[in-house]
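Labels run A, B, C and D following the written order; every chain starts at residue 1.
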Amino acid sequence: MEKLRAIARQVSNWGRWGADDELGTLNFITPEVVQRAGRCIRRGAVFSLGLRFEAGGPQIGSVGRVNPIHLMSAIDAGVGSDPQGFRYNDDFITMPLQCATQWDGLAHVQYGGQLYNGYPISSVTSAGASRNSIDKIGTGVISRGVLLDVARVKRVARLAPGVVITPADLDAAERQSGLAIGSGDVVLLRTGHLGVFKQDGDRQGYMTKEPGLGVDCAPWLHAREVAALAADTMAIEVIPFEDPKLPLPFHMVAIRDMGLTLGEMFDLDELAEDCARDGVYDFLFCAPPLKITGAVGSPLNPLAVK
Amino acid sequence: MEKLRAIARQVSNWGRWGADDELGTLNFITPEVVQRAGRCIRRGAVFSLGLRFEAGGPQIGSVGRVNPIHLMSAIDAGVGSDPQGFRYNDDFITMPLQCATQWDGLAHVQYGGQLYNGYPISSVTSAGASRNSIDKIGTGVISRGVLLDVARVKRVARLAPGVVITPADLDAAERQSGLAIGSGDVVLLRTGHLGVFKQDGDRQGYMTKEPGLGVDCAPWLHAREVAALAADTMAIEVIPFEDPKLPLPFHMVAIRDMGLTLGEMFDLDELAEDCARDGVYDFLFCAPPLKITGAVGSPLNPLAVK
Amino acid sequence: MEKLRAIARQVSNWGRWGADDELGTLNFITPEVVQRAGRCIRRGAVFSLGLRFEAGGPQIGSVGRVNPIHLMSAIDAGVGSDPQGFRYNDDFITMPLQCATQWDGLAHVQYGGQLYNGYPISSVTSAGASRNSIDKIGTGVISRGVLLDVARVKRVARLAPGVVITPADLDAAERQSGLAIGSGDVVLLRTGHLGVFKQDGDRQGYMTKEPGLGVDCAPWLHAREVAALAADTMAIEVIPFEDPKLPLPFHMVAIRDMGLTLGEMFDLDELAEDCARDGVYDFLFCAPPLKITGAVGSPLNPLAVK
Amino acid sequence: MEKLRAIARQVSNWGRWGADDELGTLNFITPEVVQRAGRCIRRGAVFSLGLRFEAGGPQIGSVGRVNPIHLMSAIDAGVGSDPQGFRYNDDFITMPLQCATQWDGLAHVQYGGQLYNGYPISSVTSAGASRNSIDKIGTGVISRGVLLDVARVKRVARLAPGVVITPADLDAAERQSGLAIGSGDVVLLRTGHLGVFKQDGDRQGYMTKEPGLGVDCAPWLHAREVAALAADTMAIEVIPFEDPKLPLPFHMVAIRDMGLTLGEMFDLDELAEDCARDGVYDFLFCAPPLKITGAVGSPLNPLAVK
């Protein structure tokens, strides 16, 4: 915990964008950054990084998270009396906002009684989050994305569950990308873990253990002024945790101290294939959250455009 | 109905992209179109075109559509035993997929027993739509967007509910934009109707009457090979209907015959202000649907980037 | 507030059935009381006192309560390959637990930081109520019911909204019933308010004002050792409140101090007709709550059997 | 299938209570039957036969059935400005109507294009069941209940999954009860299967195989004019099915031909213990369904009173 506190102090962005800030590192996405993102559209190739939302999704019910329930509210229903006229179908969804590909908003995690930028935990009630909620980042997240394909760099289909990704691993992946990650970039981290799940369908295997970032990676991301970070795992960070008595340390410092919006369960395989093929690892990245008032996360279908 | 059938024949795209096509006019979005969209990012200004999803939304319960129900499933819940450790909040949503800003997918509307491209209505069951569902358009919709600000061209804050927008009105708005709408563009149509609702909060007023397209506009859109069309109203087309005995004729030909994905309840006011200010009416448009398997629509937070 | 505190002290049942009690006045339902209830079945006439659960219910969205959302999850779905074989339909519901005819459980209301029997408010979290929850009263509520038809005693179709029902009114209704309300009885209070709603369908009228008990009735109920109390209104007590600065005072002392389970939106009209006809005002009353773990209320279809 | 058709003809009640009937065998519950039920209340002992509704329930997601999702919509929320005043908690549920202890209504099953009493399958749409729906049996089910404790008669804790219960087994259990099952009685069938699940928590074991009735038992129930039938299994009938090519034959004839309302996942163990102890196997049985308009089933908390 002492080490974690030191990292937290090092990477803290509290007050950096004012006492009222609720965007955190998304503030790094300036108009110039968006212009740079636009220039990454070269071939016009579009990749969807989102999982399907369906009963067969990855959830196993832990912490109350279930897979989406999609139900039809109208099937071939009519308006008016002409049997040859207009007919329609309609539908509903019930789902946890974090059941598949999603953003963890800045109201998702706290410790020591405070959320990002010092807001008290009392700002989250049964009415939702009055601070740092996902609807506050309505114009985001659109920026340049950079793929760090750690699995490919390490020449494995998947980093084994429990393997810790270190700053040196990130350095190596950055080198392999041929790019310098800069202020406002969105980093997409591929471990191969989701690719295995897509093949074996083993939900327990996907959800209960995973390769992922060690907490030492937080300063690496902080130094580069990364705007948002996403991975193909359900928690980005390594599970089992580095210190079994300290669960989810990366979430703690990334979300609460840095104000870093985190993306989970991103499907990066097709994009990674393409990047390996043409050697181009950056792209326009676009993943606007649903503006659900007071929500702490949002389901997504992120796009990458090369 | 005879006139409608004639228009339907004129604008039909059935078979145009093969007997198995489920994308319709989104096929017009080629890599070249996406490249053109990328070049529209000039200043790096981002506009969110989505409404908030909340209990206070526009729905009045008609055809079973209610406003979203957002509930917290975890508030300051812990993992592990350390009171200073990780704490989190989690949430759920229950909502109609078409309760606020949204895509009408190609499985939303049928008539004469068939959906777009001739699929039988039996392809939609209580298990969802097996054809033309929203998850089929996973990499869309990203393209160049063009704003047709009909309200501004007509120098009104809002076209009165019941006013029919004609092809001549679209011509005038296109001229005012200074652009030629081309194959693959997404057209955003502003009537001012949503702006009034945002001010007066009159749900009945917003949902039961609206200015909108007459059915004669379908050939206009067909000729220009528009990829998708969205408006700031809940149905795009005029209500009350042009022929009271023929409800929702534009939906019929646009979705079922053309295969045109429709966007509804888009908030275009801030974007329109900006376009009027700098005289630039095109932009990168990005609105990826959630890939809900078998769904007939998707909630959205569309972005426009200038 | 001083008066309310005095009443609270007078009617308090904290500790009466032990420090661990979570049943409150339902403890009055002894085996002898249940035997007495059984003897009330004379003619074998059964009355359903529950409203329908449907989109057209009374809710207007206040405090987040909406009407039930009932959706089909299977329509004519098959099992096995024989087209002449088994086919089925299945369905879901999403609803507030207090959207129509319902019990307010003892975890529904608190003040001064405590629930019934002194449990702290911290016993209710996003995981539900760990104390006093509705699943704790699984074998209830079955007892003798007695109808107090205040509307009939006052010779009105409905007591006007805002009219305060007093202990004298209860005395008069008890006299009219010809019965002595005894320990363990369930009292059903008819004001006529629901009957008006069933005719005029005016949700605002039904939900925002109502005739009902004044707080002085709490000692009356306490003295008789009533086990549970239900009415044909949505709050049992008078609205507008007797003291506008002190909302819902009867709920406060009844639920939190007495431990009295309250039933709301009971449809008593058909039963009342029958009681007026044969002059018999008692019956077996049976309204078991769904045992939803940690819930603070339960939807109901109560039965009365004469 | 030929044998099944013969049984179907033998037990059919179509038309027996008129062409408009939607109650089926519940018609057997006459006022006299209810009087007889009342006389079964002897000691005043009440037994709850319902499972808890909770995330930890028996569902495994098959045919889209999930366990209930219970969420708090208000926690310690206030009304008015006084911090010492009224505070409340509120909650929602989302659940399949048949996820735990429940009635299968007569709109749940069809074959040959028809529901009970000849109604066409087209009477069930995305708007619900317009015929035979659960809200039609609002005053039921209250009657005399009789426990047939087949497990105890066979001197086993549980009949092994796959074991077929025969008419001879029912005869033996009826003899052991010392009662003659008569017109209008509700039969509760105990196999011990749920008791094992309550101990081992093996959802797959509980849900995918079970001991249960063979289809030959339908005439036995028909002859006795049983009003409703419930068991401690999730399907009442034996699984694997007697004929692997003919799934759920008992459901077919019981629900669709007899019009027999079926109760599933009833927790009969505590009641059975009591019956074995005092040798009294009948009781007042009360299990009113929620009157969900158009629903095909209802969650329950059935009571037995001895």
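Simple rule for what comes next: a contact is a pair of C-beta atoms (placed from the backbone, for glycine too) under 8 Å apart; a residue touches a chain by one contact, two chains touch by 3 or more.
This is a predicted model, so every value here is computed, not measured.
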item	value
Residue-number overlap at the chain C/chain D interface, same or different (half cut)	same
Superposition rotation for chain B onto chain C, Cα-based, multiple of 5°	180
Between chain D and chain A, distance of the C-alpha-averaged centres to the nearest whole Å	45
Mean-CA-position distance for chain D and chain C (Å)	26
Rounded Å distance, chain A centre to chain C centre (Cα mean)	46
Per-residue multi-chain contacts in chain D, two or more chains	64, 69, 71-75, 77, 92, 94, 125-126
Chain-level touch network, classified as line, ring, star, complete or other	complete
Partner chain D, residues of chain B touching it in the complex	69, 71-73, 75, 92, 94, 126
List of chain A residues in touch with chain B within their complex	1, 30-35, 37-48, 50-54, 63-65, 68, 70-77, 79-82, 84-98, 107-112, 121, 124-126, 128-129, 135, 138-140, 142, 245-249, 251-252, 284, 286-297, 299-303, 305
Interface residues, chain B side, partner chain C - complex	55, 61, 64, 66, 69, 72-75, 77, 94, 125-127
